[in-house]
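Paired with chain B in one complex and with chain C in the other, chain A is shared by the two complexes that follow.
== the complex of A and B ==
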């Protein structure tokens, strides 16, 4: 393709990114703002694709545009006047208008300064002759990493420690979500059109997640993208009003939530015991170990994202102390799957039956 | 020959996209705009993917393009239905 065409395309891409970002920030309607933000994420994913970073593009499309958009939309509809949420305008509150303008200018200056520093750093990086040393080091050692996708090699082998800590951050986020209390009640049953879409979309998304996990070893993909896709399957089911969205119940949910960090740590500690450095895989085993860690990480990431969408502990997971197990579930709206071994009163069973209609 | 056919298909597809976009901007109400978007853009995307699939010279890539088209068809039909139903319900107040 000739250079001029690409230049025009890049220019259009840049203009759309900046104007979508501006529109998302400038609009007063919170829902419109979120939808513009999702469009912004999709165009940003295109830009990552143009920068030859398909891994980042996938992650941006799945997490940045898709799941963040779903989370933000859920948050918007939680607000009291969900139909048309309007941000309070400055003129309504003249006393604090001055402070607000000052804060706004301070934030603008801060962001401009940050952008300037980043741009300067980028220019320095482009100029410096040493700019390729890290990439070269990765390429030189790719053969012993156990995978042939350099991004996965960095994330799960050369810088595995960073990824372990990222998973620990996710675990902390889950603790915060559980601290918010019970999950939001589910949505009403979807109509036939959306229900049939959800019916075939969810399994396809699960399949894609498995594919992304497997293909991450030698092509763009990996645990984060796969986890986001898996979470999308559950969220589609949730939006369609299903009460069983694939989240495990009770103790299994806790196990899945810690699986990513636990498996990662276990592998690291066993390697330490065998006299190797922490997370220093033996090259012969590296591929298998990375796949094991990534599988656990995918399940944990998907669970974390779904829990974030639920916005709290799923119902029927832990009973509050003092609440009798056979007490009638006051607000047992469709949350997570009721545990199979739940020896609950008939009222709960009837409730569950009623919820699983759709 | 195949390249020419591919180019024609892609250009036709772009024409439908253009028509759909003009419809989105010019048509009077939400239902008409949805109609323009889903009908014209789905056909436009179909022609576009058909052109690209001819261009791909690789059956696997062509099959993937076809899958993308089918997925977008289903998603856009369902989401257009949801948007229209939501608007209808808000209008009638039920």
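== the complex of A and C ==
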């Protein structure tokens, strides 16, 4: 491809990115906004491909556009009005309205100024030369990292701390979601077309997740992309109205939710006991250790994303042998937040009845 | 300095500003969450542009890893924010 063609492609891509971002944020219709945001994510994935970042492109398409979009759409569909919650204007007083317009303009100008400063700083940074030291360090040590994909080497070996903390962030988010309420009720049974699509799609997605996990060692892929794909399989089943979407129940669910952080920490501590630095893998074992950590991380990421899609504590969390198996969902549970649950209980029961038919 | 670097980088700055403005001004909570995600994407655009080294040259993998981490953290923050919105709505409906 010659330079001019590439420049035209860049121009079109960047114009689409800016206009999709603008359109997604300018509308008052929440559903339209979310769908435009998903389109924005997919065009962005093209840009990552153009800038030779295939790992990021895969993650953006699967997580940034796909799963964020699914989470946001599920939230939009729960809204009382399809147009979204638009606050009533504070007052009809013309003086207040004038102040509001002034504030809007001030914020707009500040944001424009911020863009200007950021752009200036970026151009200054791009001009300076000596900035390839990190890239050179990665290239020099890639041979002893246990993997040959430099991005995986950075994520799981050179900067393994960051990834450990990232998994801790995921765990914190799940705990927050659990604390805030119960899971949404399930969806109605899908029609024959979507049902057979789900039947075919779910195993293919599981297979792709396994492939992405394995291939991440030497090509674009890895635990994040694999976890997102695995989560997508469960979400497709959930949308098709299935009650069993592959999430474990009870203790196993809790175990798989913490597995990423736990296995990561365990590896680090065992290495510490063996006299190596925390998470400083011996080169001979690095490949195997990275695969173990990535497998646990994939399961945890997938579980986290599915739990995020459910939007709260799943009933399965409490469904342990002999404990409240036939009880109605938590409406009389001690210590449960009563108001939210009472309103949720009838629809939950209805959802369960519908699910039994799938 | 490569043309693609500053083209994509400056676009990233514009996207950050668009997202920040909407996050501060939009009346709908849900769309403020979308706006924060757009803002994050702008930051990712700057980082990936900085990592680019031209066609046929291996880019810097460190910003790529940062962005991968960022994407996952962004989705978990979005999920928590949405759960907060959901709870807020339930509380408002009761009171």
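Assume the second predicted complex is superposed on the first by the 279 of 358 C-alpha atoms of A that agree within 3 Å, B and C clash if a C-alpha of one lies under 4 Å from a C-alpha of the other, contacts with A are read in each partner's own complex, and residues count from 1 in each chain.
Rule of thumb we're sticking to: a residue touches a chain if its C-beta (ideal position, glycine included) is under 8 Å from a C-beta of that chain, and two chains touch if they have at least 3 such contacts.
From a predicted model like this one, the values you see are computed outputs, not experimental measurements.
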{"item": "Room on chain A for both chain B and chain C (clash or fit)", "value": "fit"}
{"item": "When both partners are placed on the shared chain, which of chain B and chain C touches more of chain A", "value": "C"}
{"item": "Touching partner for A:164 - first (chain B), second (chain C), both, neither", "value": "neither"}
{"item": "Contacts of A:291 with chain B and chain C, given as first, second, both or neither", "value": "neither"}
{"item": "Partner chain in contact with A:138 - chain B first, chain C second, else both or neither", "value": "second"}
{"item": "First (chain B), second (chain C), both or neither touched by A:10", "value": "second"}
{"item": "First, second, both or neither for A:240, with chain B first and chain C second", "value": "neither"}
{"item": "First, second, both or neither for A:111, with chain B first and chain C second", "value": "second"}
{"item": "First, second, both or neither for A:191, with chain B first and chain C second", "value": "first"}
{"item": "Smallest distance from any CA atom of chain C to any CA atom of chain B, in Å, after fitting", "value": "19"}
{"item": "Overlap of chain C and chain B interfaces on chain A (superposed complexes)", "value": "none"}
{"item": "Residues of chain C that touch chain A when the two form their complex", "value": "1, 3-22, 24-31, 33-35, 37-38, 41-42, 44-46, 48-52, 55, 58-62, 64-69, 71-80, 82-87, 89-91, 93-94"}
{"item": "In the complex with chain C, residue positions of chain A that touch it", "value": "6-7, 10-11, 14, 17-18, 21-22, 24-25, 28, 30, 33-34, 37, 40-41, 44, 47-48, 50-53, 55-56, 59-60, 63-64, 67-68, 71-72, 75-76, 78-80, 84-87, 104, 107-108, 111-112, 114-116, 118-119, 122-123, 125-127, 132, 134-135, 138-139, 150-151, 153-155, 159, 162-163, 166, 169-170, 173-174, 176-177, 180-181, 222, 224, 301, 304-305, 308-309, 311-312, 339-340, 343"}
{"item": "For the chain B and chain A complex, residues of the former touching the latter", "value": "71, 74-75, 77-78, 81-82, 85, 90"}
{"item": "Chain B-touching residues of chain A, taken from the complex the two chains share", "value": "83, 191, 193-194, 197, 200-201, 204"}
